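The next part holds the structures, each set out as structure tokens.
Shared between the two complexes below is chain A, which has chain B as its partner in the first and chain C in the second.
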Partner chain A sequence: MAIYVLTSNPNAIDFDHAGLQRRVEAALGVTVAVYRPLSFVEHSGFSETVREEIGLVLSNHHEDQPPLRQFDAFVQAWDLGALLDRRVLDLSGGWRKFLGLALFMNRPLPARLLLDATSHLSDARIRTLLARAAEQGDAVFCEYDPQLLLALPADTSAPAAPPLRRLNDDGTTVTEVIGSR
Partner chain B sequence: MAGGISGIRAIALLAVYLGISVCASTLGIPAWLTCVATFAALFAWFRIWPHLITLVVIFGMYGLVLGMPRPEPWPEALRSVLNDTSQFSLRVLLYLIVPMIFFTSVVDPYQLARDIARLRIPGAGPVLQLIGSIRLAVFNRLGEIDSHLAVRGINSASGVGRLRTVGLWTVPLLAALITEAANRSAYCQMLGLPFPPTLAATRSPVGPVDIALFACAGGLLLLWRFTS
Partner chain C sequence: MSLLRLDSVSFRYVARPEPHPSAHSGWPERAEGQGRDRAVLSDVSLVLHAGESALVLGDNGSGKSTLGRLIGGLLRPTTGTIFIGGEPLDRVPVRARPSKTIYVSQVSYLQFFRASLADEITLAAKQSGHPPPAEETIARFSLPSLETNPRDLTYPEMWRLQLLLLGAVFRPSVMFIDEIVAPGAREQREALEFTLAQRHAQGRVTLLAYQRSLDTHFDRVFWVKGGRALGRSASPEGLGQSVGLHDRPTSRDDVP
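This part shows the complex of A and B:
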């Protein structure tokens, strides 16, 4: 289990995410599931409140792929308790994105590639995301500005953030930066 | 209820309306008049004024036709159109459009989708849920576009401003809605959902108001049965 920060041509996030996925899979040697923001879609559209959205997604997981956490544990782990009865569409853009990310991270997957996952999120939410990402499988974060993620200020009142390893994409292969381990 | 009345309440209101209509008909009051009066009262009770504009536009078309030169005076022309018994008269339009606009304005689409999901008709619940969510998505996107225009000093949220800036908000609104529809399935797959997913089926709450409305409708139907 490791968390990587991938430095790549920012245009690859928008226009070559399929190629980027192939290169990351070749580098890690496993199939990765991709999270990427999809324009104007911030929830499934089949639910009204946050509670219903979580319930809908958890109840629709395939039998062979049970969610990592069930409802109560999920809400607690992702600090969503205060939002449960609010409409998803009434949440701020950052919270809506965080909810989608949390549901994506709750899938039992060996590795994940997260494209532009941390923009619009507060530092506290990014720390939560990193902490959960460190719990299961590999996670590769590819951001428009990876330096912001690498320079994330530490929260002295919370457990230390997991170490971040660096990957570099030159457009043909993804390799680990020497000395990043 | 957050998004409006439940499907059960809608059926109860419809039953009361039918009861009033048949009882009024025995007193010689025409059905179109009962329809207009009942739904005018319901529109006022639920304060859904913006949807009256839709009705004004639809029936304004008839007004335009009636405004054309014709041999009989205007009030007589209106009466003849309302009493027209041909297959698709103004009355049929009135009985279809007015209740439809009213119920689509006040019914909670989410609870209706859950009710429909209980019937286990394949795909019916999710499709209805999706249609319901479009209503919210439109208002949500429109709010965002209004904010973008407001910081540029353009007021598009007020009634007149909405009409004056129609060229500014329609294109981004349509573009956002079309893109959202195109990306919805990919988003669901990303979260591991089948498309369409299986909805949670919950029963509509039946309160004392619903029971009173059904009782009222039953009473009116009995009254009509024994007085006609």
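This part shows the complex of A and C:
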């Protein structure tokens, strides 16, 4: 299990995510599932409250791919307890995105490629995301602004953030930056 | 004279009806006491003078966007008053509002209507009654060819186009920018700093909401936390120093 920060041409996030996925898969040697935000529309559209949205997604996991956490553990791990009875569409943009990310991260996957995952999230949300990402499979974060992740201030009151390894994409190959391990 | 003044502004979202009975029985039930009206901002007072800029900091869900929508006239305060140039905002006719105050949304891609950047600029100029910006001004926003379809822009480019259209063409007296995308990118920082400098020279007020501090200079910094807006000096040594924008003394402990 490793967390990578991938530096790439920002245009790849919008226009070459399929190529980016191929290059990351070649570098890691595994198939990656891709998170690509629909900014501020992170919602199935079939549910109303956060509670219903989580229940809907958890109950529709493929039987061969049960969620990593069931309802109560999921809510606790992602700090969503205070939002359960809020309408998803009434959440702030950042929390709505965070909810969608949390549900994506709750799938049992060997590796994930997360495109523009951290914009609109506060440092506290990003720390939670990194902590969960460190629990299962590899996670590759490709951001418009990778420095936001690489320079994330430490939270002295929380467990140490997992180490971040660096990848570089030159448009044809993704390689690990020497000394980043 | 103040250009933007909030006097004891509070805002509360009114609860919707109970969620519809769900076919997915067996999920944990609604907790007692939840799902009621939700107070977001409470007794917020602040003043910004002509030419000033402010960074509005706060965690996700703290009320930054709600504050922006109130200042932009998209929401009405539950109590309290917002003044733009000394005039209560709710007395400004809707048609006149874009010249007074604009909320720059996070969802920039929903605010483009034409098939090229050139047409977007022409449309904005026509709607605002202002001439299109000079080529040198457009160049400061590092956009691709003006023939490009706005939907073919990257997300950071969409943010810069929105800033150009609203900041440099509409030129409202007060502009609230709800977040910056990729602030570490040179093009983003240059577009923001050009906008702030231009609006400062024009005597206009600019606010930017974000989750963390930026290297860019702002005259004032506010923290939105627990429904309150707390004023701070923007100077590096002054983060613990109240600048008296609120009726309560603040302390360093208030900083999230």
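We take it that the second predicted complex is superposed on the first by the 179 of 181 C-alpha atoms of A that agree within 3 Å, B and C clash if a C-alpha of one lies under 4 Å from a C-alpha of the other, contacts with A are read in each partner's own complex, and residues count from 1 in each chain.
As a working rule, contacts are C-beta pairs under 8 Å (C-beta built on N, C-alpha and C of every residue); 3 or more make two chains touch, one makes a residue touch a chain.
Since this is a predicted model, take the numbers as computed values, not measurements.
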item	value
Chain C versus chain B on the shared chain A, clash or fit after superposition	clash
More chain A residues in contact - chain B or chain C	C
Chain B versus chain C as contact partner of A:Arg87, first or second or both or neither	both
Chain B versus chain C as contact partner of A:His61, first or second or both or neither	first
Which superposed partner A:Asn168 touches (first chain B, second chain C, both, neither)	neither
Touching partner for A:Phe104 - first (chain B), second (chain C), both, neither	first
First, second, both or neither for A:Tyr35, with chain B first and chain C second	first
Partner chain in contact with A:Glu48 - chain B first, chain C second, else both or neither	both
Contacts of A:Gln136 with chain B and chain C, given as first, second, both or neither	neither
Chain B clash site on chain C (candidates 2-10, 56-64, 92-100 or 236-244)	92-100
Residues of chain A that lie at the interface with chain B and also at the interface with chain C	39-40, 47-48, 52, 55-56, 59, 87
Residue ranges of chain B touching chain A (in the complex, touch as defined)	2-3, 110, 126, 129-130, 133, 136-137, 140-141, 176-177, 179-180, 183-184, 186-188, 190-194, 196-200
Parts of chain C lying in touch with chain A, wherever the complex brings them together	13, 16, 19-20, 22, 24, 27-28, 30-31, 34-35, 38, 59-62, 64-65, 106-107, 109, 154-156, 179, 181-185, 211-212
Interfacial residue positions of chain A with respect to chain C in the complex	10-11, 13-15, 39-40, 47-49, 51-52, 55-56, 59, 71-72, 84-87, 90-95, 98, 116, 119-125, 143-145, 147-148
Interfacial residue positions of chain A with respect to chain B in the complex	33-36, 38-41, 43-48, 52, 55-57, 59-62, 65, 87, 89, 100, 103-104, 107
